[in-house]
Structures are given as structure tokens and as C-alpha cells.
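My questions all concern the structure below.
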């Protein structure tokens, strides 16, 4: 039994490499930051579908034909240090994220901010924060990005006390926190545990759970045992078999939440076999969607054949492809293809390996040989960046809550040359995205009318389904095992990270 | 004679081997009184095995059978291990053939000597130490204090053998089986050691089984001699009669020795005969 | 010749030709070995394993790769004697086919690692002095290294693939053998028979190979037999790094790792290949013990 | 044939050095048989080992067939001139090598031809039948092993044979056979012997001259007849003699 | 005299220690550079642009010649600075201070269990060679060897934690004790004793006992087999017969005589097995959520986090070398024949 005012979570949190919001880009790191910091705009854990809402920014105003956004800061909010939260802190937070230029910095850089110009483009005036953009971006696009972790507001005064050289306090903030969020960081022991304590002066009211302990537990089986013994309140990484296993336990419930991650299959257009359109087409019918969804991915992925995950603006629920060996065979034989061999590099995650193996088996039925090479994440990524993975099977997680996060990587590739070394998925699969699709993707970011924007994304996805060799297959669903007495658990859905402040126990 | 200390009839020791049962000892019988009984014979004739069998130390799969094996009138044949242990060391002791391998390399000499004494006498550490030093002195070790604390590898082979003797005599056994106790000793030391054993026999009435190759030595030192060949006793003689032995094997052994007192050109060589294998001499009782 | 006289000819104490002597020695060894029931048991298992590997396609009831997602994680039954795995493949068939890979791994590692160890250990022990110092320091360094890291480095040099993985495994597991061989050599090198051979003018290489090696081999064999299970499991560990057997190869260690996810509810998926490894390593152990009796003159005397 | 002058032999490094032989000098003429006697640990074996390059550090002068040797390395010619038979026949044969292998390897190393024929001859000359050719040491008795060791030493057709207690591990009947064999061989081949033994009778039987050692030093040299007659000069040698004329119970 | 020799000995040992460590550093470094994993990627992440990548590449000094990198590395290591781990964001030395005690505690307890069960088992198996105890010991040892450790671990957790509730679950401590005991050695058992916090001690013990038993079982398998084979050799020695001749009890013969003679090789075996456990039994650590060095190094390795890999390797390697040294010294102390 866990104490009534303490929330104990078992999860795999070994991916945290930094807690600095300007650097953290991993799921677990964002999970922690989400509770340590507030952002200018934010999601409501009790109503994610409503989209972003005012948070530290009370209101905002768009001027200059859409190129200037002025946000008004909320009054009376304090950091955990006791310092007031000012527009100056918000401006400095954005500036430092851009200047540090760590992985997530590109989210802000999309609006034309560079380390050189950000001091001019992001300014403050009293309690107003002024952002000057290089294009009249859609307001929803900008604010969705401001809701992301990289735009967290840090306590400038506190951080400045810990600056080392040119690091803007990055070293210190990596293992410490200076936010205004509902929880303060008590300890983070890598690969072991994160402990948070409630911030009683939180502007939205003190959280009910006074302590949150997230224990790193690698194995699903171990998480399950801990859950069943009542030693943890929530187990976040249960495999389908373990979820089935706890289904009969009446002390726990399974919470289900679609997340933003998309499991996809990238077919490199450098590969002579895969670059043939009929092969790409046939591959879509060689995935046993229902079989996989009903067996080893059961409950944790659902078939989803579009690059925008459910929960996102403009998401599409059209899933036209089914497992159809005969159809695939016909497509191939019509094109005169009866055999071929292709390699895949798969990260050593059992789900991916199993997907690869089922694909291998169904490809064999149409005369195609798939050679599976299992590698570590780092190795796969290395090869992928070098554009040398013929078939890539893996997941893509959106970086921020706006549809552009996926559109700009699946459906955008301005330069398909080897030298370009871009980080878009389309580039990594050597897919020369047609010009009109590139243009449509850009255009969608500056469409001010949200309804029109939705339609634009639906159109892009429609065309994408027809021609793209990077094929979305499934969307991730998080199944957490939760003690019955724990209420309001929320892992952040497709658009955000976990929230603890609304959790209560009965 | 009075009751013999040890009486053995038809002792047999056999080992299963690939080519059938191998009999290392084939029906040895003798009585031992308070005397020096020599056992001679060529290598592999079963001398050591006889000694081990008496102490119940033949390792499986070796098997020991006998018609009778009595110690002081009580049968010690197939005695349970615990009873046998009470006899070993205290009543029958044995000096092992090869001191180099027969002493525990990681225990000091003193510890090893005191161990058996304390076990059987129940004396405390002080008394045991005194006794051990006495014993070392008795076997002509010049610097007993130093040797007491020495490890076996720090003493020479000859010293090792003397230590072995001291160790086995410390608990005052009734019977001592000495398996080639002097082979590694210089002649001068050898004589000292023999003298000690001699004294124990004559003064304390210990029974001594003295196993050796050296016929001349046995003839001079012992009272009675058993000559063994291929697991059997082929002849038994009073020691003083050894040089008049009748058995061709015994004679052969005697003749093959080089001698200091007269020069020979060639040494006589023993010609073994198959017929020796299966003749048992009539049993003679001890002196 | 009748059987009896063949036997007599083989067991003759006075062989007439080199061939008779060789065969006789072999036969004697065989007799010693045969007397050891447990060792025979081990041998029988291993022979069965080899037969299983040879006749795998005929023995296995189904294809080791045939998936059936509807039939996944089934307990042992008449249709699937040992149940099915996460993709609905027949575990028995995979086990049977996996014996080939297992034999390959075990065979290769067991051939390479002890030989390297033997060479380095005996050279060090025999040469003494600074050669010994240098070689033993190197051995220490290798010994002190986490094996996985070392193996990865070797694969980096050799390129991935199961062959290279096994090679990497072999290259990283020699240090204990080297130590063992050195210890053994130290006890041998001052023996009179070595001195005698020296007096004939035998060079160090000849002494090493012809005189020292034959005496070190028996203890190495025992040790290798003991390490078998570890070798199979380490190979599976490399599989994780993309260096070992790649899916869908039914490598036993990999089968265990696959089954790990399902352990609480479908224990047999991991336990069955675990049992297989256990039986094989038991067999190797029994065999190793038996071989020691045959090869080791010290042990044989008793 | 052999000349040893001021020989010092030691084992180990300085602080704990064991000085096994001190200032030993003697010489052996060609065809002579020379004995070394003395108590256990007096350095007899060590001298032989120093000559053959098997012992630790040494200083002084060793001359074999007119050639001085140095250090531990010995030339090929040396191995053809000098051979040694070790004390313990159980330790001096490789447990995994058959008689055939032992002898053929030796012959091969000595660069001999007609190896098969020579092996047969060697076995004959040490009184082992051909039946022993393919046996392993564990199939041989101690005496037979010692014969094999002698055959091995003879294979090189040396002129000087160093014998380190060749019979002390054997029983008397076998000892006689080996001693006879050695005498015969010496006669037939004109060998020179240096023989170590602690059994004075054996030395007296086998040798022309002998040296008595004690604590690493040569105490006295004498001719065999002197030994027999018990007329040694040094007290130590006399003690040795007196004691070896066997045990007398009366003296107790 | 003796003193001088001892000084010389110590000097020699120290020298070889230093050489081994230097070699270790060099090999570690080389391996770090040839490893087929790109450390820069982990720093910059999946989404990085080439420009970000190149900047990081230079910042990490990877553009310098190898020997310069090595010198820099050496200099840093000598200052006790292993750099910052890119997979935890902490200085490697801090990480090691945290993970090593966890592993050490587990390995030490495991080895103790292995020794206290394995040695007697091996001795008895040797004394009753071929008997049923021997056979059982053999099977027990082999099961320990060939059963995948995570299988045994999870089954153990299921039984003793899930069903019986006798032991604590995964992790080093229950949550109410987490962070309650002041860290002195980093080994919770010891720290809680130092703080006289019996509740915490009991809790930590209930958590460590299962994984330690598992590791103990594993090392028991090895130790008992080696003990058996050493004992067999000794039991056939002649001095054992001598001891029997004295009339000593079988127990005394075996433990007082034969056993003393195997101590030296046994200590080497135990040291090696302890060293092996210190290297970290990754799977055990994973199954029991034990934040130890095995997991740490492996994770770092998979992530291409070379600072952490090298730091961990140097630490583990040093332990091995020290263990060797200790067993060497014990050998000199225990074996009177050692020079």
C-alpha cells in the first residue's frame, strides 16, 4: 500500500538525459518537466481535446498581419523560489532555448528565430511578451509550439546564479529545476527514480498528491508484480500479455489513452526494388494490420494509416489498406516482379522485431525476401541518418502539438540530395517529395483559418496515402495499470506529457 | 608366546580392474607379538597394502577380506569407521612411505605432531607442545623449536621422515607399522631412528612391523622376517637365519645386493619363476 | 579376426606396431570412458543433438518460421508438443532447427577460445620472466574488461553477423583459459621429463607443443564443458546488439530472450529453450568429466 | 673428459639465495667411472644439473671434452657428448609419450637416420624387448622405466653419462639388473660415468674413484678400494663409512 | 633483509598494478574510439540538423588526432574526471558513486551466499564422489549455469514477492524508506546500520535478499564445481591418508587438512567470481530494477555514451586488478610455500 498523499509510478525512465526544458527532448524528461514548469499556454489535463488554453499568458493578440504576437502575462504567479513570474522571464526562457540550440530548439527556430536575432525578435515590455515572426504563421501553429516543453518558462534570476561560462545555466538546470509548476524536483537519480514534491503555492491550487515518486522499472513483468502487490499506483509500461494478466485483478484498472506516436514503415527510395511504385503499393497490403493489432500489439497500437495521429488537428481516420496477400501478389505480378531481396534494420525492441518478422513472413509469400538486422537504437539511428536503411520500421513521436510537426517530416523534403543531410523522415528515406506537396505543407503553416487548415491537412494526407513510400501503420495507445483508488490519471494524450497535479486518491 | 598383539589370517586385498579382479594381497597370515617383524619383498609385492589393510585404509573400490584380523583379542575386521578411527593412531599407527607427500604442506610440523597426540591423549595445548618437542628431540632433530614451527617444505626429506616417525609415535601406539621409514635417511641418522624404535619395542613392548627393501638391514634389526612375493608370504624366517634362507626368491634378493666388503664383477640377478606365485609356507607363530 | 581376438589385439600390453598402439590407447580410453555411466549418458545426449541437427528438416513437425498469429502463445498440446511462441510458431520445430545454430556456436567458441588461452597461458608459464609478465598483464587487462564491451569492439573490427559474433565471443573468453593453462604449465615446467627433453636439444616450441600442451588439455576440457551454457547464453546477449543470430533464426538464447516478455503468464516460451540449454550443458559436463578421466593420467590412477 | 673447477652454484636471488655448491673441484678422465656421495642435500644432483645447464646461476669453470661451457645454454655438440639419467624414473618420462615416441623424438633431434632400426637396437641394448616399444610409462615398472631413460640417454651415443641415483627408486633385485646393464654398456661403449648415489656399496661397486660431499663442498676424494678398506682421511667420510656398515643392535 | 625483499616485492606488485591500469586505460580508450556507435548522435538527438551535429562533434574533441584525444583523456582521468555522461546528464564520477555501491552491495552479498553454500557443497560432493550428493550438487550447479537468470529472477519475484510476499519487490528500497537514510557508503545495508535505522535495514534486506540469492546461486554453481575439483585432487594426496592414520575424524581430515590446501586456488576462484559479479549482472539488475553498474555500462554502451562506458570500465577493471592483488597477497599469507 502506498501512502494516501503519495503517487508512486513505475515506468521506464532511463531515457532522461537532461531536465533542462531547453534541452530535454525525451518522453520521460518531458514528463518530468511538464510538472516542474509552466508554459505560456498549456493543455488542461481534464480536457485535452479543448486544445491549448491560457496559462502563464493570460491573453494574446496578433498584429502586423499575423507577424507579431503579443502575450499578456498573468499577474501574481510566483516561481517556486518565490520570485514573481514576469514577461522578462518568459522572454529570457525563449531566448536561451534558441541560443543554446539543443535538439528541441528547432521548434522555436521555425518562426525565424536564430541565436543571432532572437534578442530582437523576442522582447518584453512590462507584462507583455512580444514575438516577431518572419512569416504570418497560423496562430494555432505558433501557440501549439509555445505549449511545448522547450517553451517552458524558467526562473531567470535563479538560473543566472548557476551559469557556468556560456551555458545559460544548462549544466545546472539539467539536474535541477527552477520553475513555477505544481511540483518541485526533490531528486533525480538516473535510471533509478525521480521524486517530486508538491509546490503548495501553485497558482492553480496546491496539488493533492504531496509526493510523486517515479521509479524506473525496466521489465513489464516487474511493473506488473509491483502493481499487483500494491507497491505502485500506476504501471506505465505493461506489455499486452501483462495487461491481459491484470485484467482479472479487481484492485486495478487499465487506463487507455491514445498517444501521438506513429509506428511506420519507411521504404528507402534508394533501394532499386523499393523505389518501384508497385512494390510500395504492394507493401501496404503485406502488413497484417488486424493480426498484429489483435496479437502482439494488442491494445497498445491501433491501425492508423495516416501520419497525423488521432487527437491532432487535421487528423484523418481513413484506413484504406488491409492485409491482402492476393492483391499484393497481383500488383507485383502485373508489374512483372516475382522476386527480390531487401534488408531491414530494426531496433532491438521486441514489438518492432515482431512486426518485422510478420512482414518477413508475408513478404515471403509474394516471393520477396526480407533480411532482418537487429541493432541498438543508436546503431539504427546512425544508419538511418546515413540513408542506408532499406526498410525502416520504427516509431515517430510528434515534437509539439501542431500537425506541422508530422507533416513537415513525413511530407516535406526540399532537397533530396545526399549532401543536404536533412533530418526529415522523407529525406532519410530518400524520398523526393513532389513539389506541390512541399508547397502545401508550407502553406498549411500560414493559413490563419483553422477550418481551412484542417482541410489542407486532410488533403495532404489523402495524396500522401496515394504516393508516399513512408507508410504509417499504427498509432500508439498507452495502457497503464492503475490502482482502482487512483483517479484522474492523465498521461498527456497525443499532444502533451503526463500531468500529476489533478490526480487524487480515494 | 603370550597372546599376540595382532593376529591375521588369510588377508586378501583386491581391486577391480578392466582385466578382472586384481589381488594385491593374496592370503597373508601372521601374528605379531611385542617384537620387530620385518616385511621384505620387491616393489609391488603388497607390503604397503598389507599395512593399509590392517588400518582399514584401503580405498574403495579396493576390497579387504580376511578370515581373521584381531587386535589384542578383539576382531577389527570390518569394524565401523568410527570404531576404527578410535584405534588408528592410538593403538595402531603407521609411518608412511614417502614423507614428501605424506605431510600436510600448509600445516606446521608442530601442529601436525600435536594433533594426533591431543586427539588421543586428551591433553591440553601446553602438554602437547612439550610432548611434540620431546618427540622431535627423540628422533634426533637438532633444533626442535625451529622445526616445530617449520612447514614441511622447509625441511629435508630425511627430516620429514623423522618428523613422520615422531608424529606417529607421539600417542604411544601399541603397534607401529613402519613403511620404509629409513629409506630417505643418511646412514648415521638412520641408525638413530632405528634405535628409538628398538627401544620402544624392548622397553614398552610395542609391536613393530618394519617394511623395507633392505634385506641386510632387516636381518640385523628385526626379530623375524616375512618375505613377500606377488601378494603372498613366500617364506618366514627368524632374522638371524635370513642368510640361510631356503626360498630361491629370498636367496636371489640377498645375492643381488652389491657389497662393500667384497668386490664382485657382476651382481647376481634374480630369476623369477612362476611357481613362486602359488605356494604358501606353513604358518609360524611369532617369537 | 573374431571379436575376442580383436579385443585382445587392442588391449595387448605389447603392441607390435604404432597403429596397434594408437588404436589400443584409444580403445583403452574408450573402455575407461564407457565404464563411466554418466559420461556415456552425456555422450548419448550429444549424439542425439548432432543427429537432431543433421536431420532437423525431417524431424521437426512444422516449419520453424511458419507464423500463425491466431495460434500464438499456446501451451504444450498435441498439435504443438512444446507450445507456440509469440508469433504462433511451433516451439518444438524451432528448438530442433536451433540445435544447428547452437552446435555451431558452441563448436566454434569451444574450439577457438581454449586454443588461444592454451597458447598464451603455456607460453607465459613456460617462458617465465618478462614474457610471462607481459602476457599475464595482457590477460589481466582482458579479464578485467566487461566482456560485452570487448565483444562489441571486436565486432566493430570484424563486421556484424553470427559468425563474427561467435568469433568475438571466442576472442573475449580466452583469459580464464590462459590463466588455467599457465598454472598448469608452472607445475610441469620443472619436471624431469622436460629437463630430459631439453638435454636432447629440444627447442622451446617443441617442448611447448609436444610436451606441455598434452598435459594442459584435460583440465581445459573440463573447464570448457563447464562454460558451455554460458557460451550459449552470451551468444544470445550479443544478439541484442544486433551482432548475434538475427530473427527469425531459432537460436536458443534468442528464443529465451524473446520469451522473457511473456514469462509470468506463458512461462514455457522461455523455459523450454532454457531446459534445452540445460540438458545440453549437462551433457557437455558429464562428457567433460568422463573425458578428464580418460585424458588425465593423474585422475585415471585413482 | 670432465673437469670442474671452483664450482659455485646457487638458487634464487640475493637476499634469500641458496648456495647449493661451494668451490667444488674434481676431474674425471675419459673412460673413468666417478662417484659422488654425501648426505641428502649436499649438492650432488646440483653439480650434475649445473654441468648440463639445468641449474640456477653458477660460477667457476666446467670443461667437457676439453671445451669450456658457459651459462645455461648448451650447444648441440654438447648434447651429443653428455647425457644424463635422472633419479626418479617415475618423473623423468613424459606420461603421455610412448617409449617409441620418446626414443624416436630423441633420435630425430640428434639428427640420426634409420630411426626404426636404431630404436630396436637401443631397446635390445637396455634389455627391453621389442614388445615394449609402444607402451606408455604407466604400463611400465620402475625398472623398465629406468631402462627406457637409459636408452634415451644412449640414443645420442654420448661419451659422458651423468647418472643421478639411477637405482635409488628401485628395489634391490631391479637395482642389480640396472647396475649390471650400466657396467656392460660402459664396457662395450667405453663410456665415462659420473654417478651420484648415497649408497656407498653401490658406488664402491660401480666407480673407480669418488668424491665425498657435505654441505655443498667436496670434503674428500678417494679411490674406490680406499672406500672399501675404510681408510678415509676426513672424519666425516669415516663416520659415513662406519654408519653404513649397517645397524648393530648391540650398540643401542 | 626480509624488509628489503618485501619492499622490493611490494614495489614489483605496485609497478605491475600501474602497468595493468595503464594498459586498461589505453585499451578502453581505443575501444571507445573504434566502437561502431556514434556518441555525437546521442548528444544531439534524432532530430538534429547536420550543423548541430558538426558543432557537437567538434565540441567533443573528436576532430583531433587520436593521440591527442588519448592524452587529454589520460589527463582528465588522472584528475578523477571522467567527463559528463550524455545518457544521464550527470558527471560520470557522480554516477559511478551512485551505481557502484549498489552493485558492490549486491555482489558482495551474492558472493557471500555463493561461498557459504558453494564451498561446503563442493567439498561434500568431492568427499562423496559419485554419491547422490555429488550428483545433486552437479545438477544444482548446472541449473544455476544454464537457466537464464532473468527467468529464475522473475519466477523468484513471482513466488516470493508476488505470491508469498516474503521479500521486497524490485528496487533497492520500499518507497517509504527511499532517500530516508543518509548516504555514507552508498550501500544501504551499511548506511542504515550506521544510522541505526532498523526499519530501513530490514526493508533494504528484504529487497536485496532475492537478487543476492540469485547471484549467489550463480556464483555457487561455479564455486562449488571448482571446489569439488580442487578437493578431489587433494583427497587423493598421501597426506590425507596420513591424517586418517592418526585417527582423525573424517570431518577433521577434510576440513582441517585437505581443505586448508585448497584455500589458495579457491580464493582466486572466489575473487574472479566476485569480480564477475562486480562487472554487473545486467539481467539481474534489470529484472530487479537494481540501479547498478552493469545496467549503467550496458545502457551507456548501447547509447554510445563513451564517457560513461570508459569510466565504468576503468572502475570495474581497477576492481579486478585490485582483487587480483588481494588474492595474490592472501596467497602469500596463506600458502607457506609461496616465495
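Read from first to last, the chains carry the letters A, B, C, D and E; within each, the first residue is number 1.
FYI, a contact is a pair of C-beta atoms (placed from the backbone, for glycine too) under 8 Å apart; a residue touches a chain by one contact, two chains touch by 3 or more.
Note that the structure is predicted; figures quoted are calculated from it, not measured.
J.: Along the graph of touching chains, what's the shortest path length in steps from subunit A to subunit B?
T.: Contact-graph shortest path, subunit A to subunit B, evaluates to 2.
J.: What is the chain whose Cα centroid lies farthest from the Cα centroid of subunit D?
T.: Centroid comparison gives A as the farthest chain from subunit D.
J.: Can you give the whole-Å distance between the Cα centres of subunit A and subunit E?
T.: About 39 Å separates the centre of subunit A from that of subunit E.
J.: How many angstrom between the C-alpha centroids of subunit E and subunit D?
T.: 53
J.: Can you check how far apart subunit B and subunit D are, centre to centre, with Cα atoms defining each centre and the answer in Å?
T.: Chain centres of subunit B and subunit D, defined by C-alpha means, are spaced 30 Å apart.
J.: Using mean C-alpha positions as chain centres, tell me how far subunit C is from subunit D in Å, no decimals.
T.: 46
J.: Specify, in ascending order, the residues of subunit E that touch 2 or more different other chains.
T.: Where subunit E meets two or more other chains at a single residue, that happens at 36, 150, 154, 158, 302.
J.: Counting only residues that touch at least 2 other chains, which ones in subunit C make the list?
T.: Those would be 241, 260, 263-264, 301-302.
J.: For the complex, give me every residue of subunit E touching subunit B.
T.: Those residues of subunit E that touch subunit B are 237-239, 241-250, 256-257, 260-261, 263, 334-337.
J.: Flag every residue of subunit A that touches subunit C in the complex, lowest number first.
T.: Contacts found on subunit A: 219-221, 224-225, 239, 241-242, 244-245, 288, 291-292, 294-296, 345, 348, 350, 353-354, 356-358, 360-361, 371-376, 379.
J.: So in the complex, which bits of subunit E are touching subunit A?
T.: Checking each residue of subunit E against subunit A gives 36-38, 41-42, 44-50, 52-53, 55, 85-90, 95, 98-99, 150, 154, 157-158, 161-162, 165, 169-171, 174-176, 178-179, 286-289, 291, 295-296, 299, 302-304.
J.: If you look only at subunit A, which of its residues touch subunit E in the complex?
T.: 2-3, 6, 8, 14, 16-19, 25, 101-104, 106, 174-175, 186-187, 189-193, 195, 213, 215-219, 221-222, 225-226, 228-229, 231, 376-379, 381-382, 385, 399, 421-423
J.: List the residues on subunit B that touch subunit E in their complex, please.
T.: That would be residues 52, 55, 57, 81, 85-90, 93-94, 96, 98, 101-108, 115-116, 119-120, 151, 153-154, 164, 167-168 of subunit B.
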